[in-house]
Amino acid sequence: MKLEEFQAKKLFGEYGIPVPDGIMVTTAEEARSAAEKIECPVVVKAQVQAGGRGKAGGVKLAGTPAEAYMAAESILGMDIKSFRVERLLVDPAVSIAGEYYVGITIDRRKKLPVMMASASGGVDIEKVAAETPDQIFFQDINPERGLRSFEARQIAFLLFPDKKKALAAASIMMKLWDCFHGVDASLVEINPLAELEDGSIIALDAKIVLDDNAMFKHPFMEEMRLPTPSEKKELDAKSHGLSYVQLEGDIGCMVNGAGLAMATMDIIKHLGGTPANFLDIGGSSSPEKVIHAMELLVSDSNVKAVFINVFGGITRCDDVATGLVAALQEIRTDIPPLVIRLTGTNEEEGIRILSDFGITALKDMTEGAREAIRLAGEGGCS
Amino acid sequence: MSILIDENTRVMVQGLGRDGSFHAKQMKEYGTNIVAGVHPGKGGSIIHGFPVFNTAKDAARETDPECSVIFVPAPFAADAILAAANAGAALVVAVTEGIPVLEMSKIVIELNELGTRLAGPNCPGLISPAKSKIGIMPGGIFRKGPVGVVSRSGTLTYEVVNQLTLAGYGQSTAIGMGGDPVVGMKYDDYLELFEDDKETELVVIVGEIGGTDEQDAATFVKERISKPVVGYIVGRSAPPGKRMGHAGAIISGADSTAEAKVVFLRDKGIPVADTVEQIVDLVGERLGGRN
Amino acid sequence: MKLEEFQAKKLFGEYGIPVPDGIMVTTAEEARSAAEKIECPVVVKAQVQAGGRGKAGGVKLAGTPAEAYMAAESILGMDIKSFRVERLLVDPAVSIAGEYYVGITIDRRKKLPVMMASASGGVDIEKVAAETPDQIFFQDINPERGLRSFEARQIAFLLFPDKKKALAAASIMMKLWDCFHGVDASLVEINPLAELEDGSIIALDAKIVLDDNAMFKHPFMEEMRLPTPSEKKELDAKSHGLSYVQLEGDIGCMVNGAGLAMATMDIIKHLGGTPANFLDIGGSSSPEKVIHAMELLVSDSNVKAVFINVFGGITRCDDVATGLVAALQEIRTDIPPLVIRLTGTNEEEGIRILSDFGITALKDMTEGAREAIRLAGEGGCS
Amino acid sequence: MSILIDENTRVMVQGLGRDGSFHAKQMKEYGTNIVAGVHPGKGGSIIHGFPVFNTAKDAARETDPECSVIFVPAPFAADAILAAANAGAALVVAVTEGIPVLEMSKIVIELNELGTRLAGPNCPGLISPAKSKIGIMPGGIFRKGPVGVVSRSGTLTYEVVNQLTLAGYGQSTAIGMGGDPVVGMKYDDYLELFEDDKETELVVIVGEIGGTDEQDAATFVKERISKPVVGYIVGRSAPPGKRMGHAGAIISGADSTAEAKVVFLRDKGIPVADTVEQIVDLVGERLGGRN
């Protein structure tokens, strides 16, 4: 779960990381009064879960409350990388003497959290990593021990030769680890970590991605979720045990297992079709789940055909077939033409059940994909 | 031969709730040598013919298992893995899905210290056909043979194995290594074991978007593996930045796309299949059409 | 720093360990109203930093508020192992089905915290350890990892075969570790950990000893200190950089270094004298410190002679002598006869400085001790 | 020979505040081979002729010290010890007093992993007379010779050493191991080194109330040490339950009284002196009156 900047800054603040004392607003009028409260100049920043806001015109400096109003009016409703701007952060503007980077994420290969820092902050860190990798310093973190002071100082003195600034930066790094660990993040990032003209060090931007697996430990964080419309759909799916990602194509997919679902999308694409979604219905085959899954597919008007691809493993094919039949009987709305592929444990029995219901199930995945593409091409009359 | 498990492997099952109990029965029926179960509060009872203990330590003292399979719910699963390892299990298979990644990151350190191998978490387990299966794989689709299979996925593994079996290519051992960002053993670890296993003649590695495990595997194959290896990578049609069910399957950088992986593998001399059918073709070519 | 029961229970409560909902009182009248509030029967318990309160009559059951009043009146002011009772804890009385023990302390040999637990609780655990050591279960705790659930359960199931009770006990053990770690204790102990007749598990007594070295991390805990009069003296000494323990003898000792101070007391005793105190003035030799040290010794009316034993190490003897002279000039009150032994770095210079001030310093510790004993025996005319 | 340190030992000093700077000068004057200092913010400067670095890692890279001595204040000292160990110091001498015991308990685990030896904390350090001193011992009272000394105390060590020196019995190496409940090396560790040291002919162990280190040492001596050992235990006049300055010196059970220790040591064949003078006598008897 990605947090927006204002949420991440709030958490940073709770962990003692210095952040600008800004105000989140949702209207131009609120932006104006925030600017009055904070004291101008202020920066008005679009709150979207995407990078490159500055380039897209989503960040504006305002010298007066009136300017803040205008800036807010121009940014609200903007589309930044397909995210619609609904919230703004009004931060006090500061005089920046230098921009740095510091972040912590999990290194999958080392199986450890790693802290990255660079004196080249304020820009896309992946670009820095690609172009000038020697400008990024790494510090492995033993997660049982946490980031230690001496480790933070080793990095901090590489960024700041000055003692006071180095110790301030080291302290921020320690708190950043505390935050990463405390909220079970998979990424925390300060970019830029700014040195101001008065010599203080402050987090001017904030990024936190939370580990969805750990949300059970932090139930209140669930309330911080601000889903976009497409995410709402994905979340709703998740609450029914479905893993769903909407795409642009016209063949709805319903598959048991994430890997097989990706393989299904790949084969559709390989054969010249376009998948409308990723949809993993998981291991169980309860009719409710299948109904929800079907409703998800139907709600996407792009979908011209549906390819149900099930490999009966522990979940037996006859059970899946029974669930499917129950679901199809339940669904009242018109549904696009279906292709069902069913194989694995008890496949003969499963195919018979479907056949009794008037559905011919296929046993081969490629054949199924080809048939779905053909049906979608026909324009979707069932 | 086979890797990690065979018909003699003494297995303990941790977490005998609905799923654990169901799969313990399946495993037993497949022939797995289950010697003990562990479930706090069920100590002293007998389930599916094996004794159940309150703690892994008790089970270890009484039944000396070499391997433990974890069905414990996510909030308690990391602790259960440690309990197994500290009780002396040489191999732990963690089926449980949804363990926080930082917890995994912590416990792999201790597992290394203890010399315990971990398969998973969030994995279907492993199977040495006709000998033993540990986890939740559907035993029926497997057949004993010369192909090692190691995959990050569950049902996709079954799909691959099923087509291999139908084409007559049985398996020495098949492993779902798990789809999480931090898992215990990775391709390299399994490949090394397959290399030393007399029964295995060829290894299929099934990969997906996210991370760079497949690249690491390819580098490892080039440097250390003499047996033929065939690759298959799913997720070519996945959009960037999206999580495709597996927590591990997030495209985070250029290296973690399916395309990058396919190119990298081919570059290291590993043939990569575009479809599951092609896997069978590639395997067939390398095993000389024998089936 | 030892906490009293009511303080330890409060901390336990904050860490989620179930404790009786009692009230600390300092008068019999407060005890009566506490008994009214809590609902009788109640237990009235003397709050002193000593074991064996029950045997000493410091714990009484009261069936009515009036009985609680009487119990309080009889316990307040009592002397238990030389601790005067000034505070009481009024706890609700409970029906006990079984008494257990659980504690965590540092195992100096293993250099690790270790948890101890026993089904033989409610009695002196050191007696259990001595007489039936197999009745105590041990669990080493890796302090970087903390006590883990599975470790707690391993012990808990040894105490309680019943699942619900075992899990409750395991949970208490986990919280006890959290407390030990969180407050930097050197000992936490629940004795008895009681099983009540309703099957619940609760901490009926509570003991916490805090690590004095870690108090800087928990400044608010300093406020929990409830020193006895002799401890007040020790604390006051500590605030001046002195380590002081009052004893019963008549020879006041002032020594630099704890080991040497003990050796000094030992040689006095070895030669037939009795040391009046342990007093380590540490490394520095500032006149202020010596003045405070001398005032401490003088305030003890038992002191008939003072033996100052200084080994000049890094602290040079001439500096020590200068400090002593300054101190002796400063002190206005009558002081007992002094014996000064000064040796080590620059000893000749130090002895000369003292000699100029009219003091003959000795160079040998045994000789000094013998002389101090002689002076104390003369009854203290200087 | 001597143990742990000699004239070639490359030493780094961490914490160059008032005390650290003073003792660094003393050490240098004694002949200790100080190659670097570490003090955050003082990097780039020269103190007493040696270069100072912001971090132990920087110091290690530039000057390759084998040993570090810690004068860093208690709240930061455990971190400084780890910094030294992680920078490759094989020996760390922690003079700092007042480090929380749980922090020590944590870091000794890591030090063991890294193979770093720790003397202290809350210790005066160690000295190999005429070669090197690391810590705060007063160099002037020591003389080179055949007696190893290991003690839990500071000034008491000086007292003992002084009388040994006056009586003509010089020292190979003298160590104050520190008075805290959790310290790095203990009697056993030093005794083992003394046993293998050609220069050392006899070892004096100076103990005190609290803990059972002296008993452990006695058992170790009986089993493993062939050289003569002489003991001395202070605190016979200490009341139970009281802390006598050293955090370690609390009488917590029957075993930790001075009396129990004296009896135990004698039982294991170690002569125990009642006074400092007697130590000299016992040493003299065992070294054949040579001085």
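Chains: A, B, C and D, in written order; residue numbering restarts at 1 for each.
By definition in this document, a contact is a pair of C-beta atoms (placed from the backbone, for glycine too) under 8 Å apart; a residue touches a chain by one contact, two chains touch by 3 or more.
Since the structure is predicted, the reported quantities are computational estimates derived from the model, not experimental observations.
Novice: Which chains contact both chain A and chain D?
Specialist: A chain counts here if it touches both chain A and chain D, which gives C.
Novice: Report, in whole Å, the distance between the mean C-alpha point of chain B and the mean C-alpha point of chain D.
Specialist: The mean C-alpha positions of chain B and chain D differ by 52 Å.
Novice: Averaged over CA atoms, how far is the centre of chain C from the centre of chain D? Could you give it in whole Å?
Specialist: 27
Novice: Counting only Cα atoms for the centres, state how far chain B is from chain C in Å.
Specialist: Measuring from centre to centre gives 56 Å for this pair.
Novice: Which chain D residues sit where two or more other chains touch them?
Specialist: Only 106, 110 qualify.
Novice: Counting only residues that touch at least 2 other chains, which ones in chain A make the list?
Specialist: In chain A, 144-145 touch at least two other chains.
Novice: Sort the chain contact graph into one of these: line, ring, star, complete or other.
Specialist: other
Novice: Pull out all the chain pairs that touch, please.
Specialist: Touch list across chains, by label: A-B, A-C, A-D, B-C, C-D.
Novice: Touching residues of chain C toward chain B in the complex: what are they?
Specialist: 145, 148-150, 153-154, 157, 161, 163-164, 166-167
Novice: Show me the residue ranges of chain D that touch chain C in the complex, using the header's touch definition.
Specialist: Within the complex, chain D touches chain C at residues 23, 26, 74-75, 98-106, 108-110, 124, 136-138, 140-141, 151-159, 162, 179-182, 206, 208-209, 211-213, 216, 234-239, 242-249, 253, 258, 274-277.
Novice: Note which residues of chain A are touching chain C in the complex, please.
Specialist: Residues in contact with chain C: 144-145.
Novice: What residues of chain A sit close enough to touch chain B in their complex?
Specialist: 106, 108-109, 111-113, 126, 142-144, 181, 184, 186, 211-214, 216-217, 243, 245, 247, 255-263, 265-270, 275, 278, 280, 311-314, 343-345, 365-366
Novice: So in the complex, the part of chain B that touches chain C is made up of which residues?
Specialist: Going by the criterion above, the answer is residues 40-41, 43, 54-58, 76, 79-80, 82-83, 86, 106, 110.
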